[in-house]
Amino acid sequence: MNYHLFGESHGPAIGVVLEDVPSGLELDMAFVAEQMARRAPGGSLLATARREADAVEIVSGVFEGKTCGTPLCALIRNTDMRSHDYEATRWLARPGHADWTGHLRYAGCNDPRGGGHFSGRLTAPLVFAGAVAKLALRPKGVEVVAHIRELAGVSDSPVDYAHPDLESLRALAGRDLAVLDETAGKAMRERILAARSCGDSVGGVIECLVCGMPAGLGCPDFDANVESLWARHLLAIPAVKGLEFGAGFRFAGMRGSAANDPFYRDTAGCVRTRTNNNGGINGGITNGMPLVCSVVIKPTPSIALEQETVDMRTGEPARLRVSGRHDPCILPRVVPVVEAATALAMQTLLASGGRA
Amino acid sequence: MNYHLFGESHGPAIGVVLEDVPSGLELDMAFVAEQMARRAPGGSLLATARREADAVEIVSGVFEGKTCGTPLCALIRNTDMRSHDYEATRWLARPGHADWTGHLRYAGCNDPRGGGHFSGRLTAPLVFAGAVAKLALRPKGVEVVAHIRELAGVSDSPVDYAHPDLESLRALAGRDLAVLDETAGKAMRERILAARSCGDSVGGVIECLVCGMPAGLGCPDFDANVESLWARHLLAIPAVKGLEFGAGFRFAGMRGSAANDPFYRDTAGCVRTRTNNNGGINGGITNGMPLVCSVVIKPTPSIALEQETVDMRTGEPARLRVSGRHDPCILPRVVPVVEAATALAMQTLLASGGRA
Amino acid sequence: MNYHLFGESHGPAIGVVLEDVPSGLELDMAFVAEQMARRAPGGSLLATARREADAVEIVSGVFEGKTCGTPLCALIRNTDMRSHDYEATRWLARPGHADWTGHLRYAGCNDPRGGGHFSGRLTAPLVFAGAVAKLALRPKGVEVVAHIRELAGVSDSPVDYAHPDLESLRALAGRDLAVLDETAGKAMRERILAARSCGDSVGGVIECLVCGMPAGLGCPDFDANVESLWARHLLAIPAVKGLEFGAGFRFAGMRGSAANDPFYRDTAGCVRTRTNNNGGINGGITNGMPLVCSVVIKPTPSIALEQETVDMRTGEPARLRVSGRHDPCILPRVVPVVEAATALAMQTLLASGGRA
Amino acid sequence: MNYHLFGESHGPAIGVVLEDVPSGLELDMAFVAEQMARRAPGGSLLATARREADAVEIVSGVFEGKTCGTPLCALIRNTDMRSHDYEATRWLARPGHADWTGHLRYAGCNDPRGGGHFSGRLTAPLVFAGAVAKLALRPKGVEVVAHIRELAGVSDSPVDYAHPDLESLRALAGRDLAVLDETAGKAMRERILAARSCGDSVGGVIECLVCGMPAGLGCPDFDANVESLWARHLLAIPAVKGLEFGAGFRFAGMRGSAANDPFYRDTAGCVRTRTNNNGGINGGITNGMPLVCSVVIKPTPSIALEQETVDMRTGEPARLRVSGRHDPCILPRVVPVVEAATALAMQTLLASGGRA
């Protein structure tokens, strides 16, 4: 399921074209809206005050309520734009943002308003695409769940990668903060509000699990292994600056005897591993265990604090306070985006018959 | 510069086909041999005793000592094979290895000897390909260096991402352990030998920097951004289970005010950033600062300690001691592999004119 | 310049997402409209009576009248739909159409109204995309022209592939029938009207030339040679059932001594060929001569005459008269489509730096 | 099944890397040799006197006689090289060849001996790859056959595309000239020898059919339709300058009522078409009828007759007689190459689950 995002934050609309959608899929728009709502801003002190209806218009690829199999285009009109917020600072490169690199790459022609095509707003059509992918995965018994593993130094309770408590993880979808441990959640909220109160922002780590994927999908080769496929999808999310499969960077301090996941035959006769440090992937191929990947999300670069920068036209030094409405922490809203990117990767893997 | 690896650890030969090699490149075989030697086993207590000449035969794509521009095929014959080492345990899935997933994926037909196509030995032609890429990057002033950032819990001294000491990093290429801090190196050696002495293994983190890449290369889109391109190349290396750009997972504990890299104009009139937490990439596009990526390498899964596993044909429980000759820690030999994968990614990026 | 078409003939809208558009391109909407008008139906006895404004809405990728470099989405609303025309024959496979194969491929879920996504109407956004490509090619001195080489057995006067009369070919863009020889044009018109009068249709051959492409672009390899790239673009046009480069099928009756294009140095010192039977391409690489490709367009499958067919649900035999409004000959409208597909291929080739 | 050819005509070896080979395929080397022999030179007055054993070394991807599923590399050493044949004319561009474009593309660095990587000799590993594809297609009941439809103006008896006589077509594989009509074959032989006797060469058309492909494979979209996929594979064969599906260019003189293939239900209850002018493909998707494609092969450009050309270093005019050993007509040897390219395309289509 290839997807092609388009749109600028303050242009007429944003959207996505989805290719290779399985035909005959009932497009459950209530489910789609639910997924969109999880990402949508507003409604919480933790997020930006910008409100967007994010009403999705299905432009193509759906007939009589079902997917046709032909390219599905979904359009989301931009409505609550306040471009004047950005006019004054148009040529000042916001640190940590893509203003400067976009200016270089597109020779000064990219749309600077609200980050243009680089805006986090483009994750709205991505969540739409992910919702379609989830609908495609559902009849195959594949489920994607995610939670905030760490936020501003506060950790959620750890998930057992070999035997994840799916029930609890599923239940997080409705919450404003997808955290298993309530106490940790409370501490995270405090850190977000503390950052907000001083015009600053915080980052964290989101952990995503996929259950129900068959074993034996993928391939060791370059560009065709499961880790590579999944990584490509996750690194397309703005603010993701790293990722790890299973134990990931924790492997650096482990010995082989602890890191290796011993094989055994379970009571149902299936070969499984005792632990799941490898996150369900060996040699780029799924092994039948839950797939586990975590991504790090950097602190929102848009902060109210004054920062040093330059004027992009001249290189002249300048001071900048990013005004406008911004999240002090985007992790709550990125959780469904990570799930969406993951669902797209998994549907692609399944549809490819194994070669990612 | 696409590459296509082929070969099995104990088959007739391994090798690589390189496409899109720039024509007219003087193929400096001394340099190539030097790179190959950095990865080659033998010569140190830290590594496996298997010795391979790793003599490279250039089969195509080179004429009168220069690259033709047409596909370059390089062949490395397998010589020091002791297949009988593997015969007894042929059907026992080695924990942490791809035996089981390869068995599933290829319906029991993959070559089990020494891991077959999944063997780390396939990194030899990868290093060859990287050497060609380095030769292509050299006249463009692009340099790739790497060091062991962490090994078995011991950390090397940190590199200043904004002003890396290239001289010192370059000097590591000749060492058996690519570590800046001698004391740390000594401690790492001890940990490796300690693990070896109890039939175990250790992992770590390798950090790679690229200097000299022009600003403005890449694209925000899925599958065309620099992080995605680089990740694809790095995740093709066996044992890599995670990666991070710039500050990476350290972003999780930072505030935006510290994480953002402020822009300034340097004395030469160039726009640069004070810090380089973003590892030289914003919005998927290079910003002109050094590019920084680290990968985690899991402990060598081949260990002498007895492990629990199953017979792949029957699922019957079994106990396994991996015999054969194995590295207690592969990091020293993976350093040039990480550089090679990175050089290939960079050459691809440059040749593409910016769309990764 | 990748493009992704979407939409169904009788759905809400059709459109295209264009990736890798050069930034800073003045989007000359008068030129775009002119190109769209060349393909639009109506206005002539030779074509369908269906009238569509084909008003293009630029949804993204353009800012202050110039391309941003980010994905450009263009939307064309469907307005003049008469779906009831199709209701009665919904399950009867129209011979020569994709009703049956679409039914199989999409398990009966594709939109049957007016051919759905298979409709020739999808060539409207393709012409839009081609217009953008032409705007990108213009400053590089690359020009794409086409004419009807043959229609219903009547041939236009031949073009000298080595020295095409660009002036005359350019002048055809404004005509209802892109034919160099007026007498031939008159005969073609008669054949179209004759076919129309008996509820039938006719086909023909469109020849396309590209002038100004630099020599040395392309590559001998699979999927990367110029002929392959161009063919991929042309075969995406519905009704194209074959193509030939330069002398093409006429090579079958030639001897090598006549077929080979002798090299000479022209007065400007450039190496050129005396003849251009190879259509400007040797070994998959441009040689600096005009590029020449012809495509055959099959007769419009939608005819008023009664035809034998089956009911797709049951396989029961049925008789079918295709009602609705259809062109007795689509060649006049396909000329700009062939130019558009060609312009997209050429822009892609140029932007790739030579590897198609 | 992706393939990557490598090698130069007079370099150490030529070969191919095959990816996505199904695992567990018995590699019937007698069948492979048979296919290779069909393409091999020597043994007939009709072809070049160069003799090559074309012994294939399987370097990887095969274990215990069966394919592993991992990349299969096959190597063919070059043995009967007479490079001195080419030395004298090294810098003279052979008309109709890729010497000049290769010189431009690779900045004078490509291997000029015998055409280097552009040599028709590269079709040897292509036929090998096709033989593997045929072995993969066989258990699926898919068969690929080809014959010479036209040679130097002489036509073979026409094949009924709706009901091809597979028996007769199969029987052609062992003949020196794959022609159904003996009388036509005799006339073709005469034309070849006549051309040879005056140092000239002739071309022709090869027609290829595929039987047994399931209906419903493919997709209307750019780069994913069956015609595009097949064309990409065929246009990778040197000397192919055009192709047509089913009636192809004959559509130009037909009316829709004759061109459309009426649907009916056969006695077995399958939906079929009465005629098969569309060559088994509608809207880029297979319809269950035999797939038909023809390619035009230009006359061998290497001729003994003196030709006008230039010195590539200086542009100075020159006269050239191509010495060496060359086929006066390559069609007999290209028949198995067309089949090989087709088999690779079909196996790719089947393995993709329908999206080409």
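Order of writing sets the chain letters: A, B, C and D. Residues in each chain are counted from 1.
By definition in this document, a contact is a pair of C-beta atoms (placed from the backbone, for glycine too) under 8 Å apart; a residue touches a chain by one contact, two chains touch by 3 or more.
Not measured: the values here are computed from a predicted model.
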{"item": "Touch-network distance, subunit A to subunit C, counted in steps", "value": "1"}
{"item": "Most remote chain, CA-based centroid, reference being subunit C", "value": "B"}
{"item": "For subunit B paired with subunit D, centre-to-centre distance based on mean C-alpha positions, whole Å", "value": "39"}
{"item": "Whole-Å gap separating subunit A and subunit B, where each centre is the average of the chain's CA atoms", "value": "27"}
{"item": "Subunit B-subunit C separation of Cα centroids, rounded to whole Å", "value": "46"}
{"item": "Two or more partner chains touched - positions in subunit B", "value": "4-5, 19, 70-71, 105, 117, 220-221"}
{"item": "Residues on subunit C engaged by subunit D in the complex (per definition of touch)", "value": "3-5, 93, 95-98, 100-102, 104-105, 117-118, 150-153, 195, 200-205, 215-223, 225, 227-228, 231-233, 235-236, 238, 241-249, 251-257, 259-265, 269, 271, 273-274, 277-279, 281-287, 296-303, 305, 307-310, 312, 315-317, 354"}
{"item": "Residue ranges of subunit C in contact with subunit A within the complex", "value": "4-8, 11-15, 17, 19, 23-24, 57-61, 63, 66-73, 75, 105-111, 116-117"}
{"item": "Subunit B residues within the subunit C interface of the complex", "value": "19-20, 70-71, 220-221, 351-353, 355"}
